[in-house]
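One chain, subunit A, appears in both complexes that follow, with subunit B as partner in the first and subunit C in the second.
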Partner chain A sequence: MALLTPGLLALGVSFLVPLVWLARMSLNRTVGPAELQPAVSPQSYIDVLTDGFMWKVAWHTLWLGLLVTVLTIVVSYPIALFLARTRSRLRGLLMALAIAPLLTSSVVRTFGWLILLSDDGVVNSALRTLGITSEPLVLTNNVTGVVIALVEIMMPYAILAMIAGFGRVSKNLEEAAGSLGAGRLRCFVRITFPLSLPGVFTGALMVFVLTISAFITPRLMGGGRVFVIATEIYDQATTTLDWPRASALSVLLLLLFGVFLVLYQRLFRMVEGK
Partner chain B sequence: MEDAYLVLNKLTKTYPNQPRSAVHEVEIDVARGEFISLLGPSGCGKTTTLRMIAGLITPTSGRISVDGTDITSRPVHKRDMGLVFQSYALFPHMSVGQNVEFGLEMRRIARGERRRRVAEALDMVHLSHLANRRVSQLSGGQAQRIALARALVIEPTVLLLDEPLSNLDAKLREELRVEIRRIQQEIGITTVFVTHDQDEALAMSDRLVVMSEGRVEQVGEPWAIYETPKNRFVADFIGRTNMFDGQVVGRDDGVLRVEIAGVGTLSVRAPEADLATATVMVRPHRVRIEPAQQMANELKGRVVQSSYLGDVESVVIDVNGTRVLAERAHSGRPLAAGATVGLGWGDADAYVIPQ
Partner chain C sequence: MTKRMSRRAVLPLLLAPAVALSACSTGTTSDEANGGETTIRLMAYATGGFKEKYIKAVIEPFEQANPGIKVEYDGVVSSAEMLGRLRTQKSNPTVDVSIMDLSVAESANKEGIFAPLDPAKVPNMKDLSEQAKVRDNFGPGVTFDNLTLAYNTKAVSTPPTSWNDLWDPAYKGKISISAPPQLDGIGLTVILNKMLGGDYTASIEPAIKRLRELAPSVQTWNPQPDTYTLVKSGQVELALAWNARSQLQHDQSNGALGVVLPKEGSIMQVNTINLVKGGKQADAAQKFIDHALSPDAQAAFSAEMFYAPTNMLTKVNDEVAQRTVMTPEKLKTMIAVDWNWLAEHRAEWTDVWRKDVISN
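== the complex of A and B ==
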């Protein structure tokens, strides 16, 4: 118990206190730009929830989260499965390579994608040289760019989370299925894939949560044209200077996380069959 | 062998960067319906051999055939072999019944017949009442019975058992040993059983294959392997034994006289031996402690250690610096360390290892 104290203290100071402060702030009243009136009022929540634009942003955020999650899982799954099962001596090195992108900040990686995907960037010049396109594809300052960059940024997290959740996938089970007459495809569909689902769900939750709270990448890659809840909070807090409203949005985003966590646990239990 | 069913012909597996073959030119013929055990210390190649038969490992060279058909290059899912693992390998996301049904589904057998055969298989292992259980609710013994039912329901050509009893506790192991043998004989399936446990191998098999360092050391019926091992390795690996190396000093009427330094001259029945040196083997249970009548070989020694095992007493005796293991059917108080005792055995109790 004593060993828990430093952790609990740190968590309390850095997480719980700001959270309470945030909740309190959301109940204050805004009387003018950057002018607050201490109050206990649901006004900010009413404002947010009755604002059609906010609903659009929320819907957009969810949609982006789901799209990025699905794409990230699809491209990360084979890598994670390979890493989880390989007995190669290169496993350590390959693991390190898969996780290495985490060493650079997502700001740097987003700028990298901005350069790669710009009108005269590597991707577009390659497409033009190969004669696939005549006009450059618009891959930056829009949702396409945001999705591409987010998927790449989320991959290491997805791979790590999935490997951790692949504990039930085992060589022996696949061999048993083989001896019973299952070829490779049927073995994957009937044995490997169902057993890897806990890993897929862990990875998906992780990516989804990170995506709907992502701020830097939608901001930079979206060029101010992609609105998500996180960028909206930032705008409300720094541009409009409406702190209660920014706080109310934050609290609502937090509630959204909570809802998804509960749904996820339900789903997870269903898959595990317990 | 005339009616060989499963034939391993010069089966070899070599891994890159390893000086020694994991399995080297293994030749085994298994008759139809025979229960054969591959026995040896870990790393002897027994599991590799089994996995090659199953199709899970591709041999470097050599052939495998079943009932006259070469199956060396046939993939695992087309081999029709029942496989049981040490770890049970039941599919955790399926019920017991679904596990057993899996192989039949893969064979696209109609639903009605599937049901019937699953019920039969579960009945065979006396676990019909568990059909709807989840795998995680099974005990180890139940899990392995289900694994056996799952392997047999597809009516495989050969049943392959990879240390199936090693994860179970002693009592259950013995119970399942009897049950596996019963089922095997009932349906008359050709079976290859891999184990490092010699009691299991001796008790269950029609024949044993003793392996060491990727090679077959000896093939034979359990009693023959135990009583007449072909070399020192087999003698030492199967059961406990006393081995004495010495010079042959005489021979008379089928009895060899062998001089063992420090111990004396031993008499041993060895019909065909014409040797200058010989290794004499005598099993501990053949050594009498304080024999009532005169014996061909008699020694005196000091008790170093005595282990009381209930039914028998296992005694280590020092004879002039040579350790001799003896066993006596127990009769009361065990021998005290330090006591001087007489030992004896007949010339037919000992055996000359052919080397």
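== the complex of A and C ==
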């Protein structure tokens, strides 16, 4: 117990205190445009939950989360599988390359995509030069841009999480399957993929949670058209200055995370138990 | 909270050597070394050149005239963020004066973050124009700005003259408008409503209907990194913008960005200068506020940054007058705006925009 105390204290100060403060703030009231008044009132929660637009925003957030998760996993899976199994001497270098994007902030990477995907950017010029399109495709300032940038930003997380979860994927089992007459596809579907599922789930959960709480990319790439819970919290906290409402939204988003964590654990146990 | 706790814990440690020194009476304390100098902290905008220009035009002359007082500039991105910071230090403010948007300041006035000024200590208050005056001697207007159209001078051969030019098909996909809750979009709603013969306090349906027709032409409702950068680079060709920053960007970009005050007029935005309640330097702070409101300081800042002065006795040269709303004929076209009323309805208007304009 004595050994635990410093750890618990650090956790308490760094996580619990801000959360309690947030929960307390959500019970205050906003009067008039932005005047903050101390109170114990569920008004902010009632306002948020009865606002049709907020439900739309929540639905949009989940939809974006799912889409980005699926795309990220599909794109990252082969890379992760290769990195987990390769015996190449270059493995360390390749790992570093896959993870290197994490060293730059997502603000910088989003701005990078903003330039690459703009009307005169690399992507549109290439498409035009190849004669595929005549008019530039609108790839920024809308949900398309947000999805493209988010998938790229989430890939290193997905790759790392999947590699960590691929521990049970074993060359021996695949070779055994091969020697018993299974083809490459059959071997992948029956042996490799099921064994890699824990990694896939961990990666998916991580990407999903990071995506539905992502703020920078929807904000910078969305052109003011992409409304998600995180940008909503930002607007309420820093522009409209309705702190109780922003806090209530944060608490609700946190509850949503909780729900997904529980779902994930169920799913995980189901797969593990098989 | 942790900061305050650790500071308390550190204090005795810091004091120990000081006590030791004074006991031997060999060292000089830092107060003596400074010759009893007073420092006041001003919290104001960090962005768009405001900070450098304000230090040059207003703060440096003040410090020269008052050698005993130093002004530290604490730059913050937006008025809302300033209010956020002031809220967290309400019981023990480290800031003495703050310049922020009128409607945000009104919330701070109500929350007891700002204190009323003493008219005897801020005599320049009496010369302010009507739009700059604030109830109960709370911090008055120190700068006027107004909405304008900014355009890329390379891409646009005939400069726009009217707000209606936004609907010109030539600009399709090349328009940037900062949507509400930003004040830009709120202001545009007021202007359009007025042009269509409506009263914004009654209904904004006419403006919203017109904006719905504009929506497909708009490239972004949330320009990043900001409107001015997009116009200068040609990523957009026509944009809703603020006069002061546009004028400054016009000069800094060698004319790549052009500014037009549309003929139908515009709305004025007011920044107020406020005294923080519970600040330790109330006298020096009010001295500074009085200086900021003086005709000299107002003229100097207008010449640097093209905000229109709020003190009616301010004299500026013709060029500066032409590039702000200072001229009487331009002032006449300004649409009267009750910003406090608008602040109350900002959330509601934001919702209408999102439902009926943007996601259309």
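Keep this in mind: the second predicted complex is superposed on the first by the 266 of 274 C-alpha atoms of A that agree within 3 Å, B and C clash if a C-alpha of one lies under 4 Å from a C-alpha of the other, contacts with A are read in each partner's own complex, and residues count from 1 in each chain.
By definition in this document, a contact is a pair of C-beta atoms (placed from the backbone, for glycine too) under 8 Å apart; a residue touches a chain by one contact, two chains touch by 3 or more.
Since this is a predicted model, take the numbers as computed values, not measurements.
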Just to be sure I read the superposition right, which of the two partners does A:Pro78 touch: subunit B = first, subunit C = second, or both, or neither?
neither
Where does A:Ile191 make contact in the superposed view: on subunit B (first), on subunit C (second), on both, or on neither?
first
Larger contact residue set on subunit A - subunit B or subunit C
C
Is A:Pro6 touching the first partner subunit B, the second partner subunit C, both, or neither of them?
neither
Now for A:Arg168: first (subunit B), second (subunit C), both, or neither, which partner does it touch?
first
What is the contact status of A:Leu180 with respect to subunit B (first) and subunit C (second): first, second, both, or neither?
first
So in the superposed three-chain picture, is A:Asp235 touching just subunit B, just subunit C, both, or none of them (first/second/both/neither)?
second
Give the list of subunit A residues in touch with subunit B in this complex.
168, 170, 172-173, 175-183, 186-187, 190-191, 194-195, 273
In the complex, go through subunit A and note every residue touching subunit C.
13, 17, 31-36, 53, 111, 114, 118-119, 138, 141, 219-220, 222-225, 227, 235, 237-242
Can you list the subunit C residues touching subunit A in their complex?
1-2, 78, 80-81, 83-84, 87, 103-104, 106-107, 110-111, 173, 178-179, 181-182, 219-222, 224-225, 235, 340, 343-344, 346-347, 350-351, 354-355, 358-359
Which residues of subunit B touch subunit A in their complex?
54-56, 75-83, 85, 87, 89-93, 102-103, 106-107, 134, 147, 150-151, 154, 160
